[in-house]
Amino acid sequence: MTEGKIEKVSIVVSKGSLEGIYPALIMANGARAEGIDANLFFTFFGLDAIHKARHEHIKLATVGNPGLHLATWAGGLPGVPSVMTHYMATKMEKLDIPPIPEFIEMISDTGAGLYACQASVDLFGLSKEDFIEQVDGIITVGEFYEIAAGGQIIYT
Amino acid sequence: MTEGKIEKVSIVVSKGSLEGIYPALIMANGARAEGIDANLFFTFFGLDAIHKARHEHIKLATVGNPGLHLATWAGGLPGVPSVMTHYMATKMEKLDIPPIPEFIEMISDTGAGLYACQASVDLFGLSKEDFIEQVDGIITVGEFYEIAAGGQIIYT
Amino acid sequence: MTEGKIEKVSIVVSKGSLEGIYPALIMANGARAEGIDANLFFTFFGLDAIHKARHEHIKLATVGNPGLHLATWAGGLPGVPSVMTHYMATKMEKLDIPPIPEFIEMISDTGAGLYACQASVDLFGLSKEDFIEQVDGIITVGEFYEIAAGGQIIYT
């Protein structure tokens, strides 16, 4: 990192909810738009974002999220998470923010690195075949630190 | 960033719950107390912390938060989030930790920068008028990286 | 921080759930394995991880966590958090990832620093005696920044 400019960001995606994943993608995309190197490191439930069978079904957390201004009991009613997720997706579409699968593909196309966390992959019994083809590798925490050196680590 | 000392922290506030916002404010305030530059960047549900109509009504997440040691079903009962939030607020008052609106004003008065995330502002259909007057601007992710350069990014 | 390598990570543990604490521990342990200095700073509900009476009872958040692919109403049924937590613990054991208390002891033995956040300790009315003996001290945010200088801050 030089004094005047951030040269690289390495963003850890640890959550599997819509509102957990989008900020990470927006920060990675925003970095690439400024010519800043960007890496995304998917760990724990964040792995869903690059999981072939799951990445189209990411939902908003409608309970445990007072920011939604939904009564807690209402957020847990059957169907509510899907309705709220659909509502958010519609608003994003209007702003030209793509759905998660397309957004990740787009970010990969800008040259950003996409990595899955080895320990989490083992924990959930997954393998390379479960992930979208844009994933550059399954790496250890040690390898992540090597890749992240000289930049900012942003854990989301 | 010089070797010996952190010179700047840029703290992203992404959550809209009491326990999501306070740590960010405490870290910003603690930085200013040590003469460290501090910026707060409010994004996604974190925007509630600077929203005129909402910043006095921030609640604790009483479900999805095993740290509270409440049974999950109990955390969702009507009224429980308000009761727990009140309990926490009373404890904070005893420790001279101000409520969120006053705390943010105080941090702004120390010279910290307060910024709202452009993409999130668009997503929720908000504008500058919705925010408290201490907000220094609505900025893009790219502008955030410029402001954060030479310091630590802390995503909360 | 030199250009080529990360020399230190200071990891803030702010959550009291299994999936909130483990990634922090895995990142601290991974750092030490590479000869990188590591500090853990426990704040807010993260204090449970070093709390003598609580650190053996950390649970998975089964609501507000769409990554689990449980219906929200199901995640809140009595008993479900315990069952899911047990399931996760069994999978971790198979991967030789120790339970939280043993894992923290192990990380402390590698020479990592363990610190509790003063403001949070006061907020919850705790004292040094409530924590496991591996805790090196209760420190202020300002002291945290001093310890973290020259490295990466990772807020989890």
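Every chain is named by a letter (A, B and C) in the order it is written, and numbering of its residues begins at 1.
The rule we apply is simple: contacts are C-beta pairs under 8 Å (C-beta built on N, C-alpha and C of every residue); 3 or more make two chains touch, one makes a residue touch a chain.
In UniProt terms the chains read A, B, C = Peroxiredoxin family protein.
Bear in mind the structure is a predicted one, so any value in this text is a computation, not a measurement.
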Message = Same residues or different residues where chain A meets chain B? The copies count as same if more than half of the interface numbers are shared.
response = different
Query = Roughly how far apart in rotation are chain A and chain C when fitted on CA atoms, stated in degrees to the nearest 5?
reply = 120
Query = Approximately how many whole Å separate the CA-defined centres of chain A and chain B?
reply = 21
Key: Junction residues of chain B, two or more chains touched   = 1, 61, 63-65, 76, 152, 155
Key: Sites on chain A touched by chain B in the complex   = 1, 3-6, 9, 19, 22-23, 26-27, 29-31, 33-34, 36, 61, 63-69, 71-73, 76, 91-92, 95, 97, 152, 154-156
Query = Which residues, counting only chain A, touch chain C once they are in their complex?
reply = 1, 12, 14-18, 43-46, 48, 54, 58-65, 75-78, 80-81, 119, 122-125, 140-142, 144-146, 148-150, 152-153, 155
